[in-house]
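The structures come next, written out as structure tokens.
The following pair of complexes shares a single chain, chain A, combined with chain B in the former and chain C in the latter.
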Partner chain A sequence: MGLWQALFPAGLFTASFMQNAWLAGTAVAVLSSLVGFFVVLRGATFAAHAVPRASFAGAAGAVLAGGDTVLGLAIFSALSALGMASLGSRRDQGQTTALVLMAALGLGSLFLTLGGAYAPEVYALLFGQIVGIGRADVFAILGLLLLALIATALLYRPLLWSSVAPDVAEAKGVPRRRMEILFLLLVALAATAAVPIVGALLSFSLMVGPAAAAAYFGRSPGQALAVAVLIGILSIWFSLVFAYDTGLPVGFFVAAVTAVFYGLGRLWAYLWKIERGGGQVPA
Partner chain B sequence: MPGFIESLLAAPAVAPALLIGSLVAVTSGVVGVFVVLRGQSFAGHALGDIGTTGAAAAYLGGLPALYGFVGVGVLGGLAIEGLGERARERDVATGIVLSLMLGVGALLLYFMTQRTDATGGPVAILFGSIFTVDPSIALPVALFSLLALLLLGFLYRPLVFASVNPQAAQAKGVPLQGVGLLFMLALAIAVEESALVAGALLSTALLIGPAAAAVRWTRQIGAAAALSALLGLLAVSVGIALAYQSYFWPPGHRGWPVSFFIVLLVLTEYLLARLLPARAARRPLPRRKEAA
Partner chain C sequence: MRNLDPLRVHEDSVLDLQGVAVHLGGRAVLQGIDLSLRPGEFVGVIGPNGAGKTTLLKIILGLLRPDEGTVLVAGRDVRAARSLVGYVPQSFAPDPDLPLRARDLVALGLDGARWGFSLGGQRRRAKVEEALGWVDALRYADQPVGRLSGGELQRLLVAQALISDPRIVLLDEPLANLDLRSQGDVVALVGRVAHERGVTVVLVTHDMNPLLSVMDRILYLARGQAALGTVDEVVRGDVLTQLYGHHVDVVRVHGRILVVGGADAESLTCNTCDS
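Entry: the complex of A and B
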């Protein structure tokens, strides 16, 4: 009984900020693992890391200009996604991702310096926070989730094809470049929703970890997607409980829990001698 | 102009910054050519962030940051290389290692902010500035640079072969895993020393930018490495001069961050290389074939 109460103190579910955190966290987890499924399929982990990281510079710019930080996040994540999609070529996607990220972070360091003090608001965006989520934020995140769900439902098959077999997809009339732009905009959408809660450094954990683990468990793309969403939700729930109990940053727990799920996935593949995983479509 | 250069060199903190910055720029430039050739930009960037976690741990343990950066960076590099043996798994494996290390780093930085005497610590580690570098680390940095470059010299022929055409290299008996592991070691050393002196942000810019520009201008790998080192050197020295000059600029005469200038210069070099490719380099570099 003592352990139970230590793990689940009363305020965990009744405090109003925690209720917001549960709602927003769950929505962010669904959104991130949905987008993450395509991230892992496309081998776009670097982009999933770079877009939220680049969006941080937008928040720093918004503080300098006296604007809304979430608007700054949204603008910079969309701009960096478009930059990566338009500058990149098949041969050097990693290079252009790195250079677009550098451009954003260089601007970010300029904004931070010119803005003077290292604003705590900006610091929170780096590492995330669960105490500051208001009811309005919850509705905004639910709106972003709805948008992403509609976009994925409309684009599911072409996006899947262009991820798994880009040449075949192109031959069937799915333009590679356009799918890349749409995909990166989805990553930007997920980043905008996740950064205020999980932080710019760790929102990619929620995109990559669950989907990477699910690639070892699911037997078909649909199953892998469902498992990814399930693992994503479990990860954020575990993390919220641990963060509330210990007072430590939620981003740490998200990274640790998703890494454990990935380790379980690899163990599972090892035990059952499954030769897929790491982003391959479970065929 | 000579007057400006004299006053620049006479200013305290500028000469050591130029010296240490040059060491880092040359090492990153040379190693970067192989990173670009092997398509390992993500690993190169991730190592900078991973080392940051090591530096935070060293800071909390009262050790010099250099050992935290290099120690944890080398371990992270080995983990990335070990978990991602197959080409398809490398991307995700790098991501998971990076994610876990960033998470631990967030925890350590949180502990640092809880300790009242360490408020400047996280900022210094995350956004390290070349102007605040302790001149006494010039010697260890030079030694690490030498180590990384010697390692590359030792690996040169099998590394070029394994990077350009892994299947043929394997058929000829080149031990791909050993070469990959040793290259990762050189990469980790190069990235961590530059992350220490210039921050994780600049370490990626100096690793990827000059190299990506250089391979567009020459197809010869030795020449590309020399050109890349030169481009890195140019960006660092001009960047430091501009940052020094910016103390006289608005707003508030606080100075603009040196990382902003160096990134700007590196990006300009890359964009110039994309806009004006050399005739000889129009044909793309031999495409890396995925190992089975």
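Entry: the complex of A and C
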């Protein structure tokens, strides 16, 4: 009974800020792991890492200008995604991704200095927070989720094809470049929703962790996508409980819990191999 | 190009190129290409590096507009005829942990370019099953593609190209990364399946020898120009010497054909030898 109350103390589900956190957190988890599924399929983890970080500059700029931080996040994540897509060379996508990221971080540091650095809201955007989520934020995040759900439902097959076999897909009328742009805009969408809650530095783990783990559990694209969303939701739920219990930042728990799921995925793949008598350990 | 084909303008031709020329960076990559392919024939496209093989494929796929000339697939503009052209890419090396089974890959060939997602359905499933059967891939239909061998993947790519019932299928260097035995297997399989289904095959390769037993005609490309005809018509010293623009000898040894650059060439080359 003592453990139960320590884990689920009063207010975990009833405090109004926690209700907002549950709603927004779950929506962000679904959105992040949905987009993360395509990130992992495409091997685009660097872009998924760079867009949320670049978007942070937008939030810093919004703080400086006295505007809405989520709007700043949205603008900068979309701009950085478009920059990566339009400057990208086929040979080394990493180069342009890094350059766009550095340009954004440079702007971010400028905005922070001009705005009088170490504002608490900036700190919250770096590492995430759950206490400050208002009803308006919840609706904004639910709106972003709805937009992403419609977009992925429409794009599912061409984006899947272009991700796993881009040459054939392009030959059959799925333009590679257009798919790349649409994909990066989805990443920008996920980043805009995730950064206020999980933080610019750690939202990457919510995007890539569940999907990377799910690739070991699911065999077909549909299975892997469903498992990714499930792991994403479980990760944020565990993290919210632990963060409420301990008062430690939610971003830390998200990073830790998704890492544990990823480890379980690797273990599962390993045991599956042994079970089937294959000597090879998955690389 | 040399007009070796008496049926140059064919009524029910599957693919028609007339006066096609492509210039890239001031250089003529292809020039004066006229050709007409018949339903169900197997055409090998051979030529040295830089001869324009990849450019030719891009044109037939509608990914590149020629600077001059017309390209018709079954009498229609290529862009309107995409569904009639199947494609097997040069390289496909999926990650070992990619959550994609053999049947998922083949299914994408059926409806991967359409909006939305598929809810499965009995007819779609049966069609995928049938295509897997064409290439003898039912045995590993539920295996993740990242765990399959090069030969097994090649079969899936052929099934993926054929499942949409194209009139013509293009294969870009499908033999490049295979050992000699797998090369023979792939060629025999493509020849058999395409023949059964009446599909025209255009197979690009460096070495014509694995194709000799199945190929109806050969399209020999060099310096952006082409010669089309049977092997006996095209792979001859005089024809290839004119095509290459320098002296070339054709040597036949033990049923194999070797094309050897002459002494006046800048270097002794051997385009169709394999090591």
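Brief remarks follow.
Operating definition for what follows: the second predicted complex is superposed on the first by the 272 of 283 C-alpha atoms of A that agree within 3 Å, B and C clash if a C-alpha of one lies under 4 Å from a C-alpha of the other, contacts with A are read in each partner's own complex, and residues count from 1 in each chain.
Basically, a contact is a pair of C-beta atoms (placed from the backbone, for glycine too) under 8 Å apart; a residue touches a chain by one contact, two chains touch by 3 or more.
A quick note: this is a predicted structure, and the numbers were derived from the prediction, not measured.
For the composite obtained by overlaying on chain A, chain B and chain C can both be accommodated side by side without a clash. Once chain A of one complex is fitted onto chain A of the other, the partner contacts of A:216 are limited to chain C, with no touch recorded for chain B. In the superposition on chain A, contact of A:164 is made with chain C only, not with chain B. Applying the stated contact rule after C-alpha superposition, one finds that A:224 touches chain C and leaves chain B untouched.
By the touch criterion defined above, A:172 reaches chain C but does not reach chain B.
Contact with chain C, but none with chain B, is seen for A:153 once the two complexes are overlaid on the shared chain.
Once both structures are fitted onto chain A, a short way to say it is that chain B and chain C open up an angle of 80° at chain A, using Cα centres and rounding to the nearest 10. Once the two complexes are laid over each other on the shared chain, residue contacts for A:269 go to chain C alone; chain B is not touched. Contacts of A:43 after superposition: both chain B and chain C are touched.
In the superposition on chain A, A:251 contacts chain B only, with no contact to chain C. For chain A, the partner with contacts to more residues, out of chain B and chain C, is B.
The overlay of the two complexes leaves chain B and chain C separated by a minimum Cα distance of 5 Å. According to the touch criterion, the shared surface of chain A, contacted by chain B in one complex and chain C in the other, consists of residues 43, 215. Only residues 36, 39-42, 44-46, 84, 86, 88-96, 98-100, 102-107, 109-110, 123, 126-127, 201, 204-205, 208-209, 212, 251-252, 254-257, 259-260, 262-264, 266-267, 270, 284-285, 287 of chain B touch chain A when the two sit together in their complex. Looking at the complex, you find that chain A touches chain B at residues 40, 43-46, 48-49, 91-92, 94-95, 97-99, 101-103, 105-107, 109-110, 112-114, 116, 118, 126-127, 199, 201-202, 204-205, 208-209, 212, 215, 248-249, 251-256, 258-259, 262, 277-280. Those residues of chain A that touch chain C in the shared complex are 41, 43, 153-158, 160-161, 164-165, 167-174, 214-216, 218-221, 223-224, 269, 282-283.
Considering their complex, residues 61, 63, 82, 85, 87-92, 94-101, 104-105, 108-109, 111-118, 142, 144, 157, 160-161, 164, 170 of chain C touch chain A.
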